[in-house]
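The structure under discussion is supplied below as structure tokens; questions concerning it will follow.
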Amino acid sequence: MDSVSPSILQFTQFESQALGQQLIDKALYYKADPRIDIQKGMGKRIGCIFLNPSLRTRVSTQIAASNLGVEPIVLNMDKEGWALEMREGAIMNKGTVEHIKDAAGVLGTYFDILAIRAFPSLTNKEEDMNDFVFSQFVKYSGIPVISLESATRHPLQSLADQITIREHSSGIKKPKIVLTWGPHIKAIPHAVANSFAEWSLGMGHDLTITHPAGYELSEKFTKGATIEYNQKKALQDADFVYVKNWSGFNDYGKIISTDPSWMLTEKHFVNAPNAKVMHCLPVRRNLELSDEILDGPRSLVQKQAENRIYAAQSVISHLI
Amino acid sequence: MDSVSPSILQFTQFESQALGQQLIDKALYYKADPRIDIQKGMGKRIGCIFLNPSLRTRVSTQIAASNLGVEPIVLNMDKEGWALEMREGAIMNKGTVEHIKDAAGVLGTYFDILAIRAFPSLTNKEEDMNDFVFSQFVKYSGIPVISLESATRHPLQSLADQITIREHSSGIKKPKIVLTWGPHIKAIPHAVANSFAEWSLGMGHDLTITHPAGYELSEKFTKGATIEYNQKKALQDADFVYVKNWSGFNDYGKIISTDPSWMLTEKHFVNAPNAKVMHCLPVRRNLELSDEILDGPRSLVQKQAENRIYAAQSVISHLI
Amino acid sequence: MDSVSPSILQFTQFESQALGQQLIDKALYYKADPRIDIQKGMGKRIGCIFLNPSLRTRVSTQIAASNLGVEPIVLNMDKEGWALEMREGAIMNKGTVEHIKDAAGVLGTYFDILAIRAFPSLTNKEEDMNDFVFSQFVKYSGIPVISLESATRHPLQSLADQITIREHSSGIKKPKIVLTWGPHIKAIPHAVANSFAEWSLGMGHDLTITHPAGYELSEKFTKGATIEYNQKKALQDADFVYVKNWSGFNDYGKIISTDPSWMLTEKHFVNAPNAKVMHCLPVRRNLELSDEILDGPRSLVQKQAENRIYAAQSVISHLI
């Protein structure tokens, strides 16, 4: 995407360990005093565009903006009657009512920053891998864009996760982080898993990824991680265990297994007694992750959700 | 509900005559100068959660918050794609995407106060009577919660009603208040009727309730009121007549009568020439209440609606 | 409509050339420094009521209000579960849940200004021509109302268009403006075309309207314009060409032609080499208007969209 708008700051992926550290530092600075920079964004506006529904992301982004004096305006484009045409040169004589070129151009005129959520189709692998829909907004809006989860990545979630890991790593020299697949009944996007791997590796952590055979993620995001098909082995001596479901990447968008033995319970932690458990929420209890873990002392999920505010605030502050 | 979070202030029901008077005083103070306390809530946020649609309640709460410098953020959880699981221990392999525990926990982290609307099912009497859905938010959010109408009560409406009665009672020693059932084509919740009875009795008023046989409300709310099945007798010498439909309570959620003679017209007031007529809105004209009354000088309905702002403002101010 | 509430300022149609010039002047003043009057509307609120979906209009109105310190609150009454009864004296025992009288009355109490979008049915010509739905809000709210597009007019769009024409007219003595019909697959309202004609003529411009036979607009709006059925002749020496589809007015709401030769491409401009092209957006590309024009130097569409902010800001400032 940088090739499209080289001169405009974006927040769509992991960039560098140095920037990562700087964003985490800034987030913790805001967490200590959320409204310390209330004057910084006065008179600026962020347009939050949701092509898919959102609870945490929408509210945390609104709060983050508002903490900086930036006015957030939310547009639910999935439900508010605006089917966008994405194809260049399309003859628009069907269901789409406006071309992304024109809509993104106008939004670029109305706002100082856009924040956009655009899930993958999970049917067209190539378009998804190119973040096709999200990239159209970046290309045509002409202003800084923040990803609120694209087809391939969820960088604000991953920044919040890294903030949480930093907060709970004191005394651990080099934490062992495990990303484990968990069962689900639906075909779920890869964005959270991809981004978590990209950021954990980028921040220099020791990352092990474990999942049933067939659930290999794209190497674009996992290169440098240890892949271990035996969950028990993977969990040994873990400091942080990130639970997430995703659908097949090679067999794209498919559910390959729903093996319930992959759902973590206390007995999975015999060899990792101090491990903390993370999940981006929403979580399907007793399917992806047990009540026992979620309601117990290992769970960091509420802390991750809280850090979504300061991750967003750090990034908005960085872009304005 | 107080048993769940004894140390956290809530506004979910009538508490005491003293607090009632204090809230009415405060509301009238704000009505005289709505933005006098604009600094009081600066930096605070209220999350307004609607599991059911709303016009007056949503807008009046937003305005009330904003008059106090509190930032309101609205979440329409009925339509914004978030089916919540309410059952403890559920294996979430069906349609629900997030457990109330996790959602309410996050909302409790993001906001300083929550305001929640959760209508009854009108099919599961026990769950409704326990305000099951609403109580889950109270239980798991860990912050002050304001009811914007639960299964059993609508306390902000009742506070607005009591403000309106105070404003129009000058010169009346002990006003006679009548709550009369009116016809409707749908099965309507009991919350407004329950709360109006609870507050009118709690504030020490003389309350008569009249309805066709079979429409008896729960004694939990009506104990101390005169129950009079003859509407004509009930209306005699009334100062305030509150019109409301509700469905059966004993024969739970059922429509027992649609007798149009119960709809008030001018001729119903021969023995109560000075009576004022109240309704919480929305009202179905010429079904629940006649144009003649609604468009005539007896009607206080617009004044009640206006007082919704100051009722909410008084309560938010009380909680922060 | 003025007959209904003669003493209340409205912005529902073209009033006079003097007011038009004043509103354009003010808009350009705000465009140069959008927040220069940020104190002017402090403590005031505008209710933006959408009975039909909106992107540009919603966001530009919110931004305009906010630039003046006016708090905007948006109500999507099409989707947020509020079917309004419009008929006087109706017995409301069907699908409508609230009468416009009561709803508009409450909104008039809650807000300082209302801004309302209410599209035509395109089936009941008489009701549409009387702006029936929109007029009910004006009649019953008792406060200033701004049209965000009624059945017959879209005056904020037309004001934005006139601002854009002023900005691009330097050096042109008396610009020749052409309003040309363009093809579409749906039956589209007349409001934008009507208002554009009304404002262009009202502002003293030379206006030619061109369309296939059968697409004659109401003379109420076009009196004084040259009607030319030959598009080629109409376009000759044009300075500004406004493209818009509309459905039949005489054969009300019908699609009479979809002739693709009416869609403008570069070759249509051989005899109008300097003509600028305008469209209110959203535009169906390569159906109403070609990529070639929209992506080329003739297009003013993004500038029109940007001017929507300052048109709304000028009008809100005028009314408060």
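Letters A, B and C mark the chains as written, and numbering starts fresh at 1 in each.
Criterion: a residue touches a chain if its C-beta (ideal position, glycine included) is under 8 Å from a C-beta of that chain, and two chains touch if they have at least 3 such contacts.
Quantities reported herein were computed from a predicted structural model and do not represent experimental measurements.
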Quiz item: What topology does the chain touch graph have (line, ring, star, complete, other)?
Solution: complete
Self-check item: Angle of the C-alpha superposing rotation, chain A to chain B, to the nearest 5 degrees
Solution: 120
Practice problem: Could you tell me the distance, in whole angstrom, between the mean C-alpha positions of chain B and chain C? | Solution: 40
Quiz prompt | Residue list for chain C, restricted to those that touch at least two other chains | solution = 79
Quiz item: Considering the complex alone, what residue numbers of chain C touch chain A?
Solution: 35, 53-56, 59-60, 62-63, 66, 76, 79, 185, 281-287, 291, 294-295, 301-302, 305-306, 309
Self-check item: Residues of chain B defined as touching chain A within the complex
Solution: 43, 45, 47, 71, 73, 75, 77, 79-82, 85, 89-93, 96-99, 101-103, 105-107, 109-110
